[in-house]
Structure formats: structure tokens, C-alpha cells
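Both complexes shown next keep chain A, but they swap its partner, so chain B is in the first and chain C is in the second.
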Partner chain A sequence: MKIKTEIITFSEELILESGENLDSFKLIVETYGELNASKTNAILLCHAFSGNHHAAGKNDESVTGWWDQIVGPKKAIDTEKYYVVCCNNIGGCSGSTGPLEINPASNKPYGKDFPQVSVVDWVKTQKMLMDKLKIPYWHLVTGGSLGGMQALEWSIAYPKSIKKAGIFAAAASSSTQNIALNEVARESIRKDQNFFDGNYYEHGVSPKSGLKTARMLGHITYLSEELMDMRFGRRFQDEESKVDQKVNFEVENYLQYKGEKFSESFDANSYILMTKAMDSYVAGKDQGLNNVMKNVEAQLLIIGFYSDWLYPPERGKEIQLAAMDNDVNSSYVVLEGDHGHDSFLFDSKKYSKIIKKFIES
Partner chain B sequence: MTIKLSKIINDWVTDESKIIDFGCGDGSLLKELMDTKNVLGYGVEISDSKIQKCITNGVPVIKQDIDKGIDEFKSSNFDLSIMARSIQCLKNPNLALNDMLKLSKRCVVTLPNLGYWRCRISLISGAMPVTPELPSSWYETENIHLCTIRDFESLCESEGIKIKDKVFLNKNGNQSRFVSINPNLMAVEGVYLLEK
Partner chain C sequence: MKIKTEIITFSEELILESGENLDSFKLIVETYGELNASKTNAILLCHAFSGNHHAAGKNDESVTGWWDQIVGPKKAIDTEKYYVVCCNNIGGCSGSTGPLEINPASNKPYGKDFPQVSVVDWVKTQKMLMDKLKIPYWHLVTGGSLGGMQALEWSIAYPKSIKKAGIFAAAASSSTQNIALNEVARESIRKDQNFFDGNYYEHGVSPKSGLKTARMLGHITYLSEELMDMRFGRRFQDEESKVDQKVNFEVENYLQYKGEKFSESFDANSYILMTKAMDSYVAGKDQGLNNVMKNVEAQLLIIGFYSDWLYPPERGKEIQLAAMDNDVNSSYVVLEGDHGHDSFLFDSKKYSKIIKKFIES
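Take a look at the complex of A and B:
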């Protein structure tokens, strides 16, 4: 599979939903496959809150992309047939403009001064990317979780530029419980003594411990109770592979390991920005979902998973009902999914087949 | 069979109307109506493999257990709801009928007739009927609420549901004058247009 990674600079001013602006910005973009001569085969993937532009295949550091089970040659999203594009969203920490990057105004990293970004902003920058790549429209925009929210927003904001939207394990807005869980995660970061109110870069440190706790909590919410039981049960971690001596159970070891790894690679300010963007998204804003659904021209495929308690299937159903009220061509499917909220990441016969049929129908 | 059904109910379906089909199977009835009458159709189905076929056919579909209620579709303003060969599979057929008539002014219901003479002969000989229309044995059938044409019509009457039109089909799925003489005995299937 041909993977191309590039950084694209946009030198025009970007006015954000918050009213703040960026004089210019850059996006790191990964593409797979080839755009056909008639430019009708482009697919945009939108990543979830801790994802990035690397969606499929192995990159130079041998890291497998976040949606590699679904995207690739002969897979559900077939890179032999489609030109697949994925970018790291602004505010992220994988190469697009975000808190880690140098603020041209101060010559220092933006840090906590990076403006609050939103789902609407991300979709706007993705539209600018589409225009820059000279793609007339997306055959499909899709993603799971926060990525699904972006796919929904695409169908509302740019109805002429998208034929199909795949909205997986997502909702038209976050629930109270979603916001509450995110706030606990953010609080653990803020209370880390190395956070320095977001200016930790200047001190040459990172609030790793807070970030680690945040991620450990996150992981619990991404998995289902059944999966945790099955995968770890009440088994004890064997002595040789313990991350440290405080650990007793396998599940503790898993969370410690995952949290530690994440805290080494993710930026705390990005964590706060991304979760805030997730919390504040409301499809249709003051107008309400039902009113903005009128504009949608894309075909929608909404998929939920029974084992997902973070963004349960009923939340997808709300989108489906609003779509039906407004005569939108929309399907709503619920699948078993063994992985809780994370189920959208994993291949299964039914899931892949439905995505494939939807793309081709 | 569904192509035939789309022909039978053809006059009952207004062009470009909004339709919901409960127990839509692979979506072929809706597909036919979408192609010939340009309707906006949504299917409701519980089986994942049938849902996959709907998506392959380009028919919008919703995964839902009809027994759990269909009230939530009320706000969609459907012109017509359809339930073909599914009502006998529901836990509460009477409630479902009334619910359908809350979603749309008119509804089409089709059902297998347990009063069909072959079924009667089977029962007289002491066994539950197994026919091409009712192919499963009693222990594995989904048809938990089978009824005769007469049973169904008296349910409609007691629920205050008006039968606006009806068609009776023989074993080949065709209308015939012969069947209409005594549908409760001769019809394999009844097709109804109902209004509240």
C-alpha cells in the first residue's frame, strides 16, 4: 500500500468558532491509494480524540495505524479502489498546528494559549484541505467516536461536498456522563505539579503522571465490562512482566502500562483541548439537530455497538430519527462488538461487510 | 413474491410518498417501490444478514425489534406503513396494528391464512400444518400468532380498524375469483389496506 505523508501549510487566516483566530496553520496529512482520473473516489477519515493522521499501514517507526483493521488493500475501506485521506486535527500533537508548535507571535510554543478548537473548526480545515487537494467532493467521510461527530458535522456543514457519511460509535452531542468523565481526566492533569498551568514546556517537564491517570480512566470507559472480565478476570499479573511491584492484578498492569505509554507520547494541553472540543460539540447548535438535518444530502450510515456504554447505540438512534424526520436517506445498524466503545476500531465480518456495501451501494 | 406484492399494492401506494416497511427482509419490496413509484422508503429489520442485503440494495434500514415498540417513528410523518408476512411473528399483533395506524393514516398488512384448506386438513389429520407458506415445524417457527382470515377481520372490527380494500391470494400468489368465493377456506394469504 502506497502511504504518503506530507505537511500542508495554509497561509490564510483561520477564524475559529470561538471567535479567536490563527494567522496560518498546517496540517499533517497521510494518504493511501490513488485519486482516480474523474476524482470520484476520495474518502476522508476523521480521527477520534487521541488519534492522528496515521490511520493505516505501518509508518517509518513501524507503528500500525489506528484504523488498520478497516482501511487497507481489500479491506472494508479498500485503498486499492479509493483514495483515502486522513489528517491530524489542529490542536493535536502529531504534527498539525497545536499547543506544542511554535506561536509565531511569541516564538515560543503556544502551550495553554492555543485557542480552543472545535469539531466545526476541524471540519472547516478539512474542507480547506479538500479544496487544496483539488478533490471536488468526498465519496465518504467517516470515523468513530469524536471522528463520527466530524462525519456528522460534514454532512450538515457541507452537504454538496459529501456523498456518504459513516458515523460510528458516536452521538450528536456528548452526554452529561461523557463530560463528567472527561472533567475527571482533565482535573488529574491540572493537578499534576508539572502542569504549571499549561506552561510546562518552559520548565522542560510534562505532567506525565496526570496524563497517565487520565488515560487509565479513559481506557476503562473504552472497554466493556464483559471484555474486561474476559480479558483480565481476577487473574494476578505474573512477577516477570509486572510494570512495578505495586501491581497485583492483570487489569492493573494493563492500565499502568497503557497509561504510561500514552503519557510519553501525548501532549497534556492537546488532551484538554480535544476533550473540551468533544464535550462542547452539539450538532446543529441552537437550531437543533432536527432543523439542520434538513440540509443533509449525503446518505448516512450510523453504526452503534451494544457493548459501548460511553456512546451507546441509542445515541446513534437519535441521529437516525432526526434523519428520518427530514427524509434523509439514512440507515442505523447496531452490532455486537466485543470491545465496548473501541469496537469501531476493530474488524468483524458483519461490520466490515456493512461498511463495504454502504461504500459501494 | 415481493415483486408480485408490489404489483398487488401498487394502487394503494402514492407516487413519492414516505413509507416504512416493518420486517422488510432484504428490502426488495421497498426497492421495487423506490424504483417504480419513486417513494422514500425505510425498512425496519432485526436480522443482521437481511440488513446487509438492504444496504447492498441501497434501501435505508433501521435495526429494531418491532416487539419493543415503534412509537419513536411517529414524528416522521409516514404516508403508509407496511407489514408483510410479519404480524404473526409479533408478541402483540393487536398493539402493533394500532401503533402502525398512529404512524401513518394507512397501512398495508399481509398475513398467511391458517384457515386455508390444506392447513385444515393437516389439523384434522392431527398435525400442525407445514406448507410452502408456513414451512417451519411448530417448535422452530417464528409464527407465534397465526390466525385465519376471519380471525383477522374480526380483530380489525373490534379494534375499530377499517378495512379499505383487500385482496386474497392463491398458492401461486395470484388473485383469483375462485379464492374470493370463500377466502377463509381458499386463500393462502390475505392482503389488506387498513385505516383507523
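Take a look at the complex of A and C:
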């Protein structure tokens, strides 16, 4: 599979939904496969909260992309047929303009001064990317979780620029409980002594403890209760493989390990920005989903997973009902999914078949 | 209602389930109503994780007891008819021997050296209290959540000393997800810069930030998703009443407020001990619930609440099935409950009627 990673700079001013602006910005973009001569085979992947531009294959550090089970040669999203594009969202921490990057105005990292970004902003920058790549429209825009919100927003904001939208394990807005869980995660980051109100770069540190706790909580929400029970039950962790002597159970060890690993690579300001963007998104805003759905021209595929308690299937159904009310061509499928909310990341016979059929229909 | 609060000292050695021991210990005990001449009207209330001995009425600081909706004159647990006893569990932080109290051996607070306590230990100390009070048996032992686990353990450990057990919003053991959530809470406490590996008393501080985050997470698990949605939805917090400018939504403000308040009064070492006790409890241990249920002589009332996702009704059903397998006189009821896991704390017509009937049957 041909993987290409590049940084694309946009020197025009970007006015954000918040009213703030960026004088210029850059996106780190990864592409798979080849754009055909008629430029009709482009697919945009939108990443979830902690994802990035590296969606498939292995990168230079031998890291496998977040959607590698779905995206690749002969896979559900077939890179032999489609030109697949994925970019790190602005505000992220993987190479696109975000808190870690240098603010040209100050020659220092943006840090906590990076403006609040939103799902609407991300879709706007992705549209600018589409134009820059001279792609007339996306054959498909898709993603899971926060990525699914972007796919939905694409169908609303740029109805002429998207043929299909795949909205997986997502919702038209976050629930009260979603917001509450994100606030606990943010609180643990803010109260880390190394956070320095977001100015930790200047101190040469990172609020790793806070990030770790936040991610441990995240992992509980990504897995279902049943899956956790199956995988770990009440088994005790072997003495030799304990990450910490304070740990008793395997599940504690797993969360400790996963949290620690995440805290070494993710940026705390990005964590806060990204979760705030997720919390504040409301498809259709004051107009309401039903009203903006009128304008949607794309065909929608909405997939929920029974084991997902973060964005349970009922949240997908709300989108489907709004689509049906407005005669939008839309399908809504609920799959078992063995991985809770994370099910959207994993291949299964049914899931891949449904995606494939949808792309080719 | 006659409320009496006293501290009772036990000068005999207490050997704990862990193998560690306390040379002596004290319990802070609150009682309501009067013991009758035949001593047949005593009821023991077992508190949940963050509760204490103050179960009903108002104390000297005008604080209402945690089960005041259920316990009092003419209430479901009628203090005009019954002599109701509640004590703070050892390891707690409300006046019974725990990390905050002075270790007679060192003349300093036990702090992090307080031994790990368990549900079995609590029930053992409550049996010692029963003997000291010269009560021949409890007419009823009851509580919700971790309190329900103690009621269940009473029926197993001291079958001759208890006529009835009321086990509400509880389980025979914690689930993997329960353990995982508690571990996130503990992690946030341990990583607070003021925790000092549990030796914070010596530094004259308390790991309040960690406790706050832990409690914020706790509150999400005590409320149901639906309840949260009904109470807060996606409403924004008024500017004037924001506890912090970082807050956008009402639900964030609520959690911030509740977490902050809790962090001012609860002890971090107790938090860790109590949650570890909850995580490690398994009714019947290696023998299994079904095997130890054989010995139960008490009549059981098991109540679950549909809106409880922390200890959902199915967990109560497991106890009921083991009871039925062993011809134990047991009833299992699932109620709506408008308050998620916390539903056991709140009066409702049905709930109170069921408890009353059970006590008087």
C-alpha cells in the first residue's frame, strides 16, 4: 500500500467558530492509494478524540494505524480502489497546528493560548484540504466516535461535496454523562502539579499523572462492562508482572499500563481542547438536527454497537430518525461489537461487509 | 427521636482478615429509639463507602443523617418501634479507629500504616458491638451498596445472630468495572502532590485535588445517565454561579461543587481503604456464594434499582438465585428508583412499604 505523509500549509486566515482566528495553519496529512484520473475515488477518514492522521499501515516508527483493520488493500475501505486521506485535526498533537506547535506571532508554542476548536472548524479545514488537493468531492467521509460527528457535520455543512457519510459509534451531540466523564478527565489534568495552568512547556514538564488518570477513565468508557468482565474478571495480577505494588487485580494493572503509555505521548492541552470540542458539538445547533437534515444530499450509513455505553445505539437512531423525517437516503444498523465503544475500530465480517457494500452502492 | 452518640472502646485484640491486627479499637456509635425490655427490637444499619454512624435525624452540626428518609419516627425503619444502631466502620474517618486516629503504639495518626480492613472485619466488629450492647440478635441488619454487602455477610457469618437482612443496591462481589472505576479514583488521590504516599498528615496537608476528582467520578456512577440528562441536560451554567471559569455546562458545575465539598471532609487514606475493601469482597469466598448460602437462617430482602448501573439489579438476582437454590426465605424486588445507584437512600412509597412489610413480617 502506498502511504504518503506530508505537511500542508494554509496561509489564509482561518476564522474559527468561537470567533477567534488563526493567521495560518498546517495540517499533517496521510494518504493511501492513488487518486484516479476523474478524481472520483477520494475518501476522507476523520479521527476520534485521541487519534491522528496515521490511520492505516505502518509508519516509520512501525506503529500500526488506528483503522488498519478497516483500511487497506482489499479491506472494507479498499486502498486499491480508493484514494484515502486522513489528517490530524487542528488542536491535536500529532503535527497539525495545535498547542504544541509554534505560534508564529510569539515564536513560542501556542500552549494554553491555542484557541478553542470545534467539530465545525475541523470540517471547515478538511474542506480547505479537499480544495487544495483539487478533489471535487469526497466519495465518502467516515469515522467513529468524534470522527463520526465530523462525518455527520460534513453531510450538513457541505452537502454538495460529499456523496456518502459513514457515522459510526457516534451521536448528534454528547450526552450529559459524556460531558461529565470528560470533565472528570479534564479536572485530573488541570490539577496535576505539572500543568501550570496549561503553561507546562515553559517549565519543561508535562502533566503526565493527570493525563494517565484521564486515560484510565477513558479506557473504562471505551470497553463494555461485559467485555471487561470477560477479559479480566476478578483475577489477581501476577506478582512478577505488576506495574505497581499497589495493584491487586489484572484490570487495575491493565489500566495503569495503558494510562502510563498514553501519558507519555499525548499533549494535555490537546486533551482538553479535543474533549471540549466533543462536548460542545450539537449537529444543527439552534436550528435542530431535523431542520438541517433537510439539506443533506449524501447517503448516510449509521452504525451503532450494542456493547457501546459511551455512545449507545440509541444515539445513532436519533440521527436515523431525523434522516427518515427528511427523506434522506439513510441506513441504520446496530451490530454486536465485542469491544464496547471501541468496536468501530475492529474488523468483523458483518461490519466490513456493510461498509464495503455502502461504499460500492 | 432520641439520638445518642457515643464512642465505645474495645480493648481486646482484633485480628483482621488480612492477618494484621489492632491491639484495641473504638467505634463511634449512634442509636435511635429505645431497646425494649426483651431486647428483640434492635436493628443494625451498615453504611456505604462514604457514609458514617450518623444515619438519621440531625446531629449537633445540623447535618441530616444519610438514611433520614428511611429511618425515623413512623418511617420505613420506625424508631418508635425499633432500637436502631449505626456505627462508623473501622478504617473510616468519622470517629471510629481509622487512619486519622492516633495509633497508641506510635502516638501518631495511623495514616497509611492503618491495616487493610474488609467487609468481613466490619461485620466482626459489629458482632462485638452487638455483644457489648448485650443485644442477643439483630431483628434486622440492612444497608445499601457497601452496606448491603455487610448485611449479606452478616447473614452468612452469624446466622444465629440475625433474623432478617435487607440487601439494597448491592452485590455478592464487585464487578470488574466497579474495581476499574475505584482504581481510577485511587490513582487520582495517590498522584496528588499532597498525598505524600499516604503520609500527608505529617505535612499538614490533604490531597484534596485527588479526592475531588475521585468524588466527581463517584457522582457520575451514583446517578444514572437518564437522571443526569433530566437534571442537567446540556444546559450551560449561569456566569454568576460558576464555581470556576473553566466550566461551561451545569453538570460540570455540579460535579465541581460536589467534589470540592467532599474533599474538605473526607480522608484520603480512608477512601483508599474503603474502596479496596469493596473491591475485594466476595461473599462466600473460595467456597462460593451457593455453598455458604446453605447456612443462612435469616430472611432476606434483596432490592435492586433499574436506574442503578454501578450495582445493577442483575447483581441482586445472583444473591436471590443462590438463596432459592438453598431454600433460604428470600424476596427479590426491582424498583424504578429515580436516583440511579443512590436510589437506596431515597424514600418512595413502594420502597418504604416493602421495607416496612419485611421488618414486620
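Please note the rule applied: the second predicted complex is superposed on the first by the 361 of 361 C-alpha atoms of A that agree within 3 Å, B and C clash if a C-alpha of one lies under 4 Å from a C-alpha of the other, contacts with A are read in each partner's own complex, and residues count from 1 in each chain.
The working rule: a contact is a pair of C-beta atoms (placed from the backbone, for glycine too) under 8 Å apart; a residue touches a chain by one contact, two chains touch by 3 or more.
Bear in mind the structure is a predicted one, so any value in this text is a computation, not a measurement.
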With the two structures laid over each other on chain A, which partner does A:361 touch: chain B (first), chain C (second), both, or neither? first
Check: Of the two partner chains, chain B (first) and chain C (second), which one does A:264 touch, if any: first, second, both, or neither?
Finding: neither
Exercise. Touching A:350 in the superposition: chain B (first), chain C (second), both, neither?
Worked result: first
Contacts of A:80 with chain B and chain C, given as first, second, both or neither: neither
Once the shared chain is lined up, is A:188 touching chain B (first), chain C (second), both, or neither of them?
second
Thinking of the overlay built on chain A, is A:6 touched by chain B (first), by chain C (second), by both, or by neither? neither
Check: chain A residues flagged as touching chain B and also chain C none
Chain A partner, complex, touching residues on chain B are 18, 40, 42, 48, 51-52, 54-58, 60-63, 72-73, 75-77
Per the touch rule, the chain C residues reaching chain A in their complex are 173-177, 179-181, 183-184, 186-188, 190-193, 209-210, 212-213, 216-217, 219-220, 225, 228-229, 231-234, 246-249, 251-252, 255-256, 259, 276, 279-280, 282
In the complex, chain A touches chain B at residues 299, 301, 317, 320-321, 324-325, 327, 329-335, 350, 353-354, 357-358, 360-361
